[in-house]
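In the two complexes that follow, subunit A is the common piece, with subunit B as its partner first and subunit C second.
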Partner chain A sequence: MATNTETGEIEDFGQVSRTVGTVFRYLLLAATMFGIVMLAILLLYVANDAIRPLTADLGWHLTFFVGLVLPTLLVGWTVYRRDRAALSFGALLVGTLVVSLMFSGGVALLAIDVIPPLVAFAYAVGLVVPTAATVGLTRYAHRISFTTRLIATTMVFYLALFGLPGPIGDPVGAPSLVPSLVEFVLTRPVIPVDRVMVATVIGGISAAAVGSYVAGVRDWTIGLYAAIAAFLASTAAGYVGPFVGLNPVPAVVVTAVAFVPTVAYAWRGAFTEGGSPLGLAFAATVVGGALVGAVAVDALGFAGPQSWVDWQFLTSSHSGTAENAGLYPAIGGSILLMSTVAALSFPLGVGAAVYLEEYAPDNALTRFVDVNISNLAGVPSVVYGLLGLGVFVTYLGRSAGTVLVGGATLALLILPIVIISSREAIRSVPTDLRQASYGMGATRWQTVKNVVLPESFPGILTGTILALGRAIGETAPLIMIGAPNVVFDLPATLGSKVSAMPLQVYAWSSLFASEDFYTKAVPAGVVVLLAVLLAMNSIAIVLRNKFERAG
Partner chain B sequence: MTRDLERNRSFSRRELLSAVGGLGLAGLAGCTQENPNLGSTAEPPSDGPGSGGGSGTLSGDISIAGSSTVFPIASAMSERFEESYPDIDVSIQSTGSGGGFANYFCTGQTDFNNASRPIQPEEEEQCAGNDVEWIELKVATDALTVIVSTDNEFIDEGLTVEQLREIWSADADVETWADVEDSWPDEPIELYGPSDASGTYDYFIEAVIGEEGSHRQDYSPTEQDRTILQGVAGSEYALGYLGFAYYSQNSDSVRAVPIKDGDGDYVEPSLETALEGEYTPLSRPLFTYPKVSALQEGHIEAFARFWLDNSTSQEIIAEEVGYVPLSEAEREQMLGRIYAAAEGLN
Partner chain C sequence: MSMDELKTDITRQTENSPRELLTRTFFFLCAALSIVTTISIVVLLVTEAAKFFTLTAPLMGVTGQTASIVDFLTGTTWEINSGEFGVLTLVSATVMITLGSAVIALPLGVATAIYLSEYASTRARSVLKPALEILAGVPTVVYGFFALIYITPALSVIFPSIGTFNMLSASIVVGIMIIPMVASISEDAMSAVPDDLRQAGYGMGATKFDVATGVVVPAALSGIFSSFILALSRAIGETMAVTIAAGSRAQFLNPLNPASFLEGSLPMTAAMVQLLLGDITGGGLAYRSLFAIGLVLFVITLIMNVISDFVAQRYREEY
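For the complex of A and B:
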């Protein structure tokens, strides 16, 4: 392919060098790696300061190497050669166990220190009974009109939660005629013991989730059995726990939130069709190795690393001496803030996304809203802090630095991100599915409810969790709304002052003279914050992978 | 349809109901307790039996804002107070003395405002405008410390107050160390100090620069004492000032400059020299300002008393935090103020 010049002479190719291309390629590689490597170095540095692995005895390292690392590598390699899917299943299983254990810690924190079991139990009863009534009404009374059913449903819920006349009567001072179901349960002279109430609420939710998961894999009968088994396991844990040194309530929570789902996942991965039981062997090696290592180290008397992130750090509150300082109120504060943020931003964000994608006409107003949402996603967090301060504290007169104000401000901060990612998820539902639904005579509402939302749900959830991951690390808005640097208890109500992990870390880094705060407590706090963040993100990643495989 | 048939085949609904009901009853029979909330209807539901013990009957929130210098004292006191009264929630926020008065205390949002200098007339006005009454409690004495890097060898004797004024005043045109003292190197002075939200800044103006002068603004201001420390430690020609606690816990990375007031000797800052009154003019009282209406609530009065009771403690104030504790006489005077305010005697 030589070229003809204008004079008609034929020129040869000249020299084509590969060097530029190669250089360019490696420059791109360097650009890719730069950020990742820097971040990894920073994280290693921080983790080294926080966990201090080098302070452990050599024997400790050796024991864990022989007991955990070596068998894991051997079994992992064997499994990998036999069946690659089995290895990834095994690794995921271990990950599920670790992450769900962390989450059970968070739930246990709520169950023990924030929401009294009786209150949770009463509200669970107050919600389940009317829900059951509503389902019954929908299923068995086809004849009644939609309006009647709506009114009946509202009435049932109102009666169960508020009683008669309830909040409507309060302004005029009407006496309470009929106590609500919640009130009724709260005032029983004899109530179940705490472990049973916690098992009923949390074990019940866990059993329902596991039941429907199993039912999705097999059928409803097996699902029902699984749910009953899960529920019984959670309840039993409350009675078995004390024998293995766990308090009853945490035992119930850990079983319901961590063990039961992990077992369900293990069953699904190992014993259903196309399952890979070999993965189980890998997971067992890792978990068993860790346990054996822990027992052996204890028996042989090797000292572990003098990690700053230890049980004491996780469960005590701030102290003036760095050795006794802990992150507990900040962890709890972050969990409560994130719950508030999720409760506020999820319905608002998903609602807005569904409207914009499914209902909004394509006109100037919609485009204007579109552009603004994209811009709002990039607005600096400190500006949202100012907005929160102005709207909630100054204008609405709420007191500064509370869970509600902090949660609402952070919810505003991530709302645009939730909307954008939910819209992406909704947009990725194939148009064919919608058309098919319309073709079968479904209305738009039915299509959204039965086709679009279920299809896009994992994507929506992924986006929301990633957005929450941004919110959990935010410091500036919390400082702006006047959240305290240090609190000593978990907030008891939505109106209590709250601190959060990044705020506590910031306080340690700046307000205390002792060097230990700066060089040890701060890295330890950062490591805990990152661990929580990574656990949240890992859920998002698993969901996304599953979603992509399905879609 | 086939699924329904299968379901009905495996067990009937009646069997299921009776099984679950029986299990539930059997379970509940041995697993009940008396409702702890009904025994004491006056108490909020969160107060279970035995949660408080004898001393834990007080409950409520206490919110504290203000000076970052006083923050460590407040946090040390709250930590100990929480041990005896777990039902009281204390929250502490570091906003700087002035920031705390203007944005939180005088708008009525906080119960205490910590300050590293006395309340100023305009803040008094703001508080009065919002009907916030307060009392002044001295909680410790600080020795404001002027620091240089340990590499700095030319300042050996110390600095006089006049030299400090020359360096930090907005009017003076001191750029290099040689401008201060001819024998010192001709290198620019790097200045680090607290920002103007800080009481330390206000006190420094009052004590060194004088009311009529003003603090120079071409320095690196920060609310974080650690930034001052790091800035000064990093340069031979840097100079900064901060509270004594920060210096005393980091005395290996920076050096405190002895200060000469008028015709006196050069005095090094220390707990002793501050207590003896030798370290002038930079030793200063630290305060907290409780709201009178808050003191009339039992749990807040208890906290104020607890704080002042322990304000003579060598262990907490001097060793843990790094300030000079109150004398017995001062403590009695402060406790008297709390009593008067709590009883509504003023």
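For the complex of A and C:
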């Protein structure tokens, strides 16, 4: 017996059944894929319902296949074989163009329907002049003490934006003695035309950004030339646009926000050292293919898909019938809400993160704040909605459902996320850099300003964009603060009622519940919402990858 | 100039100069805002909820309609029009959503975490992790629409008696939504298990399966549990998906009876949205009931977050 067992053992020794392990492994893989596959199927369904590719002519599909898909695959394969980096550059370039076009659509919407060009121009003047004065003061007057400089700066800004005595004089009814710079510009009898003002403001910002980008790659003279060229291009677009069927203002905005940055990125990726011009060929194939396809389809008379996501859907407001319903006020509302949320949560969140990482002493209060923030991140969003309703609307007496109240509520909601991700970014700045700065005699604020924030900026930006992505999809807090389900106009001021994309989708899928809305307007709204989210997240992911590679 | 004078001259401008004070105060105020937020939430919920109950309303100086705190906590009927506020009705629906989503998310999440931390190649992980993040990034209102339009009709093939609004489809989408949360926190815990333990396992002749299930999972158990609790607290607070998919008619259902998943009911969060969309006058009983539900919700999620923190800290295996 004993020998038998022994021999048996010796025969089995080293034999391990691999069946269990293999089955387990594939079960795990299946579990991992379950959620992803489910979501992919649902997304396919909703995309099919919204875009309806099968309603297009066969010729339409064939034209685009021959004009766009085949060349893209061929050129892509060739480029991939030669230089992988070139392919990823080319793909990024196409992505940049698409995302910046979406973004420019948003800016154009603001420029056309929310902020009149004259107002934007007046405020731009009212901000640039005192900023220039402040910069001059800082650069040429070292002897003035910080306190004096601070007071002088505040006064210059106050004068430029509010005049004298401005809001301070309001309670006592003091008459306006000196009009503010903004008012002064607004009341000029002779004003430049809209396209010039838009080109000055938006083209100016874009030119400054492109100029500093180019200057960072090469040197500041080339940067200056690039900035001038960018500015001229934006201005010219206002006059060329009408010839290709675009209104002047959108033409300027699209050029300044989409084309100019894309060209700068293409130049950087293709023609600088270590660049890959092949990637440019790939991008040109994709964009050219799409254009050729569009022209050919038009010329040959093939009907495209009868998509519910069309120009009409993007530019009209809610309607009782699903075919005529549109998302325009909700898109504008979401843009305004996100601007408010970003303006509130970015400085506050980064400030809190800087305090906790750089200043806070290790005591009970700091630990309490720490625990408190992670708990706030777990509070349900409806509760934040209640907070907005109770504090902003009921106690502070703001009217319900406005841009300001909605933005403030959403900002509070994402603040913990912004703080947590900013802290991580700040923590990843090497201590050596801080010590070097202190060793040079820098104060804490100088170290934060010159070392910590610039080093951690990409990480902070990534976290903030992801948090904004969370805020843009939030519906419950907006319902709680009384945002209306149906809005027909874009909000004109921060104090007007606002709707948002997810809220409109909810309204269509619950209050206007009908087979018509379920199969037309709601899928279209969902696709637009997801496209915006995808664009935001892809910006964040590209930033993160760049940041990680550099770090 | 003596050394001491030189020292004061050099250090004069630091720490307490106006600029330093100003910036430090600004940063401190930013951090203090989080405490202000918490305090406002607590004070607001408690005072408004206190105005709701008969017992505490006189203390707040509220006259008029109130509700009994005992009825609120034990009643099983939720009908605002007839003045019946039995929060157990809503809690039962929330418990069902939580149980249903747990059945989906917990096993799948842990399996995902094991796969990512033990089996997946670096390349596979770099694709799978962002893909999983997408699951959590899709707006909840979109999930609600998916549940209502695509999942419920698909389910009605299997369960012909399923209602248009049902707990099953809502549970499924909430479960999918919280998979990434379980997976990422559990995976962090598993990755924190030192390689020595795995090598020791292999040295003893264990297979990869033995090491994954017998060494890594037990060692990461506290992290896994804390991920469960966090994810479930997320499921409890989830609003739009359940509002759209679970229905609007409050009824008390037995959470342990599988058949009740085919019916619709009204979870706490959905009830809050419904109250808001109805005609509620500021300061009225329905308005105040909103804060009473909010308080219950806040307390439950807070307790769960604290427990999750406690488990992660207390039972963490230190290596």
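Here are a few things to note about the model shown:
In this section, the second predicted complex is superposed on the first by the 533 of 551 C-alpha atoms of A that agree within 3 Å, B and C clash if a C-alpha of one lies under 4 Å from a C-alpha of the other, contacts with A are read in each partner's own complex, and residues count from 1 in each chain.
As a working rule, a residue touches a chain if its C-beta (ideal position, glycine included) is under 8 Å from a C-beta of that chain, and two chains touch if they have at least 3 such contacts.
Being a predicted model, the structure only gives us computed values, none of them experimental.
In the superposed model, A:P192 lies in contact with subunit B only, and not with subunit C. Residue contacts after overlaying the shared chain place A:S399 against subunit B, while subunit C stays out of touching range.
By the touch criterion defined above, A:V383 reaches subunit C but does not reach subunit B.
Once the two complexes are overlaid on the shared chain, A:V391 sits against subunit C while remaining clear of subunit B. Look at A:L29: by the touch rule set out above, it reaches subunit C but stays clear of subunit B. Contacts of A:Y518 after superposition on the shared chain: both subunit B and subunit C are touched.
More residues of subunit A are in touch with C than with the other of subunit B and subunit C. Within the superposed three-chain model, A:S509 lies in touch with subunit B and with subunit C [touch as defined at top].
Once chain A of one complex is fitted onto chain A of the other, the partner contacts of A:G482 extend to both subunit B and subunit C. Look at A:V75: by the touch rule set out above, it reaches neither subunit B nor subunit C.
With the contact threshold set out at the top, residues 482, 509-511, 518 of subunit A are in contact with subunit B in one structure and with subunit C in the other.
Listing the residues of subunit C that touch subunit A in their complex gives 10, 13-15, 17-20, 22-24, 26-35, 37-38, 40-41, 44-45, 48, 107-108, 111-112, 114-116, 119-120, 128, 130-132, 134-135, 137-142, 144-146, 148-151, 176, 179-180, 183, 207-209, 212-213, 230, 233-234, 236-240, 243-244, 269, 272-273, 276-277, 282, 290-291, 294, 297-298, 301-302, 304-306, 309. The touching residues of subunit B, when paired with subunit A in their complex, are 3, 6-7, 10, 20, 27-28, 31-35, 37-38, 45-46, 48, 61, 63-65, 68, 71-72, 75-76, 78-79, 82, 86, 89-94, 103-104, 109, 223-227, 245-246, 248-250, 316, 320-322. Looking at the complex, you find that subunit A touches subunit C at residues 16, 18, 20-21, 24-25, 27-29, 31-32, 34-36, 38-39, 42, 45-46, 146-147, 150, 347-352, 354-356, 358-360, 368-369, 371-376, 378-383, 385-387, 389-391, 394, 412, 415-416, 419, 441, 443-445, 448, 469-470, 472-476, 479-480, 482, 502, 505-506, 509-511, 518, 522, 526, 529-530, 533, 537, 541. Interface residues of subunit A facing subunit B in the complex, by the touch rule stated above, are 116, 118-119, 186-196, 219-221, 228, 235, 317-321, 399-401, 482-489, 491-492, 496-497, 499, 507, 509-515, 518.
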